[in-house]
Amino acid sequence: MQLGMIGLGRMGANMAQRLQRGGIAVTGFDPGAEARERAAAAGLPVVDGLQALLQALPAPRVLWLMVPAAAVDALLDELLPLLSPQDLLVDGGNSWYRDSQRRAQRCGQARLDYVDCGTSGGVWGLSEGYCLMLGGADDALARLRPALQALAPAPDRGWAHVGPVGAGHYCKMIHNGIEYGMMQAYAEGFALLQKKAEFALDLPQLAETWRHGSVVRSWLLDLSAEALQRNPQLQGIAPYVQDSGEGRWTVNEAIELDVPAPVITLSLLERLRSREDNSFADRLLAAMRAGFGGHALKRSADG
Amino acid sequence: MQLGMIGLGRMGANMAQRLQRGGIAVTGFDPGAEARERAAAAGLPVVDGLQALLQALPAPRVLWLMVPAAAVDALLDELLPLLSPQDLLVDGGNSWYRDSQRRAQRCGQARLDYVDCGTSGGVWGLSEGYCLMLGGADDALARLRPALQALAPAPDRGWAHVGPVGAGHYCKMIHNGIEYGMMQAYAEGFALLQKKAEFALDLPQLAETWRHGSVVRSWLLDLSAEALQRNPQLQGIAPYVQDSGEGRWTVNEAIELDVPAPVITLSLLERLRSREDNSFADRLLAAMRAGFGGHALKRSADG
Amino acid sequence: MQLGMIGLGRMGANMAQRLQRGGIAVTGFDPGAEARERAAAAGLPVVDGLQALLQALPAPRVLWLMVPAAAVDALLDELLPLLSPQDLLVDGGNSWYRDSQRRAQRCGQARLDYVDCGTSGGVWGLSEGYCLMLGGADDALARLRPALQALAPAPDRGWAHVGPVGAGHYCKMIHNGIEYGMMQAYAEGFALLQKKAEFALDLPQLAETWRHGSVVRSWLLDLSAEALQRNPQLQGIAPYVQDSGEGRWTVNEAIELDVPAPVITLSLLERLRSREDNSFADRLLAAMRAGFGGHALKRSADG
Amino acid sequence: MQLGMIGLGRMGANMAQRLQRGGIAVTGFDPGAEARERAAAAGLPVVDGLQALLQALPAPRVLWLMVPAAAVDALLDELLPLLSPQDLLVDGGNSWYRDSQRRAQRCGQARLDYVDCGTSGGVWGLSEGYCLMLGGADDALARLRPALQALAPAPDRGWAHVGPVGAGHYCKMIHNGIEYGMMQAYAEGFALLQKKAEFALDLPQLAETWRHGSVVRSWLLDLSAEALQRNPQLQGIAPYVQDSGEGRWTVNEAIELDVPAPVITLSLLERLRSREDNSFADRLLAAMRAGFGGHALKRSADG
């Protein structure tokens, strides 16, 4: 099987490499010269333009997109005029599922196949395999099968055809919502261990212990144990937590579906909170307290 | 009616003054010389010891305690040996209702009457009257009636005998829990108005407008409008919100009663959060994200 | 001043009446015959078609829309061809502010004026006046001034020009978010009072007491006191809480603005929760507990 | 090594069996005849009284308690008069850590050793090993070492001496708090998948897929996959979720430590909510909405 990988960032380059190891002939392209060079140095056949990529692949082509969600539409604008009926596009990035449905429809009008693939596994996917949730038509999935088997952790494990186009990214979105909740649960728990001066607990030891036999053992705990081992006080790390879209979409979706998801929702809100500087809400609360109770206010530097 | 006021801080001194205005003969005492002098300067007869206070009052005495919750037990240790049967103690501070029940029992063994009084109104109570929730025996309440009528905003309004000892402070505790939730709701709302750069909203104008005819009009909104009028950007006020115990007790009580109170609970947690410095939970979240996604970490100064 | 009121439901009919009382000449229209008859019976001049309404008004006309948010676009489709430049449309309903901005632009292309008006006060507005938050151009607002003075609780009180079109409904949206949070805070508090069997508290008494002098006094408390007075155990009322859109929009907006609003958010989620039947999440939790702990499951009837 | 196991319920009986497999000579006792018979049938030497148990063990004795937290004090009342200095008691149940500290002090006065052991693993511990968090003195831990090695999933893995007495149960309490949060995150996520009728997702398939390579893989996911496999619609399972104490303690502790733990807290509150019948808060919300908006109320059967 031959496949073109568009987008050779952290995820795309690793996936290309794992596909190669699995016997898939991959040709790569990235608009950035640096990303192309890095991938070429790692042994990936790389071309320097979309046109060249399409020529390098036998018809009907299979193109796997690993680009930021915000870049997909522009890429399709460029790609579509160059493609031929039966070419197959896979969006393996973190697109919103409604966007994927819209894009699949657009591609369908040009008789192109479209598959949305939620991809989990992060930087560890290269060695451990990726978990893939795919939405699309049966025959499109059948064409992708060798690639999926190579990317997944083991044959017939860790990938699934979950429904029509959109379903793949929907499942990935919810997956990430769960991830937010789990991460927040661990974060709160370890904060409660760390704050308990009375016991002077050894967090790396405890995380490592929980990895074996406990109800909370998980891959995220494995990572936490490693992070705490390296840096038990998490020194030098700012309490500043980014989010990348799926959490927000999950919260909006939950509300649209009338399904209360308080823990996933609060996990997102805590991330927003971590990035707040000089919260207006908190200042108003302090001012109100002073207003009715005569409580002294803590002054800030900007006063 | 004659009454001894113990504790001449912000609340006690104001209440003594309102009682005087209502025709109650009040004698005051505070362990702090400064508080005594301030109250005396404001026209309150003040004595400089508990013994003197008790001698100044006709038997059976009425003593109103306005001291910090943490100081009540020590005060009782000192007072009890000096009191006589039928003397009546009112705890008008923010004690935990279980403590009030315990103290009432202790006083009962010495044949003293005990009333717990939840007091709301803050520094505005002097001019607008206090809202009083009282727990205790009928005859104790009957003896207090003139004082209650004087303290309340209007005769037979704003005070109530809500149950046996403990019930007064229980109701005040829940009252404060509600207060936390309302304050947080306003704080979030105004933060959303303030952040909406697109409209450059005039917060003092809006708060003032809402005071008339809107569903959210309230006394806390009156205070917010005033605070925003004085300082529309809340400049110089640190985003640091204290809590004084009743919120915590409410959350614990809710859990003990198996009653979910998410909004009151979250309101407390937001206050804890406002006082956090360099959250360990957030740092661990950032470290985990870096661990699985290779996301760049924001570094802090302590690294 | 003359004004056409479109939509004679609960809100529209009451507002027309208050305008009349304030000396404004109002002509009303509603697509429903029943609503028209009810309004006519209450003394409002009513016509039975849009065309008739427009003929009844002097140019340039002022039309006030009190229709469901979902009906505004269709109404504009019908109205726009019939209107003339300088006619002024006011949307006094609960539209999403982005919709109002879009509609204002559409109207602007036809040289019509557009004002969005967030209206608070509910069924009590007729007697107590409405709180109005208006977005639009200065001259449009100037034309509306007599109507605003009549609708508001008092002259120059309770209405404000808060910004350009969109700002009115934005402020109303946030207002309702705050309302959700306040309502939830009271609801939780009273639930904690009700559940405390030990004290057998009298909820109507307590609500009434808090109305005078307490920090939590508010108009929503006035309503709660009344509701509890009428029905202290709230018998016959299902624990089923609707929401009408603004809460959802507020939560989405908060996330878009990166402003954590946990209390407003949780208030919405509690409403969703109140309407859930046979929660899948809770059943999975129960199944998981059984899975690791061997805990017995409570069976449901559908098993 | 010889050891007496007191409490032969699900946990105690399994642990005794795993100890035996690991070469530890265990004698068991349970106050219930049925539990004793079941354990005896499974091959455990069982005695029918505490006295007999103590006689069966060489001095200084090692006694492992696997009884409900609420039964520990009464058991100690019975046991202490029968024990001799240097006997060692291990509380392997889910006691509150402050209770364990108090009990250790009481035992210390009788020159008995006391170790608190947080035990995780549930019914799967028998086959997969238990995760053990131990608090106590070094020499007490040294005496227990063979038993810990036998109970743990693998030698030197999954057990740790985490601090002085109390630290073991403290860590287990936090562990369970994390567990609540993780469970709730999964539950919400699967509910969002289940409700999405548009995609008709296959939940067992998805859970199984996520087990391989995804960021959310964990042991709790393994259990969820199994539960969904067995019963994809979770039919017959009531949406009723118990809690067993540690979650409440974690929430209280978090507040005491001034550490906001919103996700763990909300997870507990959702369990309380799942058990609520005819929520007073929701009924008051509905009544308030009717009060200001004239919204129709949904009636319940009790009206």
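Of note:
The chains carry the letters A, B, C and D, assigned in the order they are written, with residues numbered from 1 in each.
The rule is simple: a residue touches a chain if its C-beta (ideal position, glycine included) is under 8 Å from a C-beta of that chain, and two chains touch if they have at least 3 such contacts.
Since the model is a prediction, treat every value here as computed from it, not as a measurement.
When the contact pairs of A-B are matched by residue number against B-D, C-D or A-D, over half are shared only with C-D.
Chain centre most remote from that of chain D: C (centre = mean of CA atoms). With centres defined as mean CA coordinates, chain C is found 39 Å away from chain A. Inter-chain spacing, taken between the CA centroids of chain C and chain D, is 47 Å. Chain B and chain C have Cα centroids lying 33 Å from one another.
Counting partner chains per residue, chain D shows two or more touched chains at residues 122, 184, 186, 188, 191, 195, 215, 220, 258-262, 266, 269-270, 273, 281, 292. Residues of chain B that touch chain D in their complex: 215, 248, 251-252, 255-256, 258-262, 265-266, 268-270, 272-273, 275-276, 281, 292. Note for the complex: chain C touches chain D at residues 10, 122-124, 183-184, 186-188, 190-191, 194-195, 220, 223-224, 226-228, 231, 234-242, 262, 266, 270-271, 273-274, 278-295, 297-300, 302-303.
For chain D in complex with chain A, the residues that touch the partner chain are 120-122, 125, 128-133, 135, 152-154, 157-160, 162-164, 166-167, 170-171, 174-182, 184-186, 188-189, 191-193, 195-196, 198-202, 205-206, 208-221, 250, 253-254, 257-264, 266-267, 269-270.
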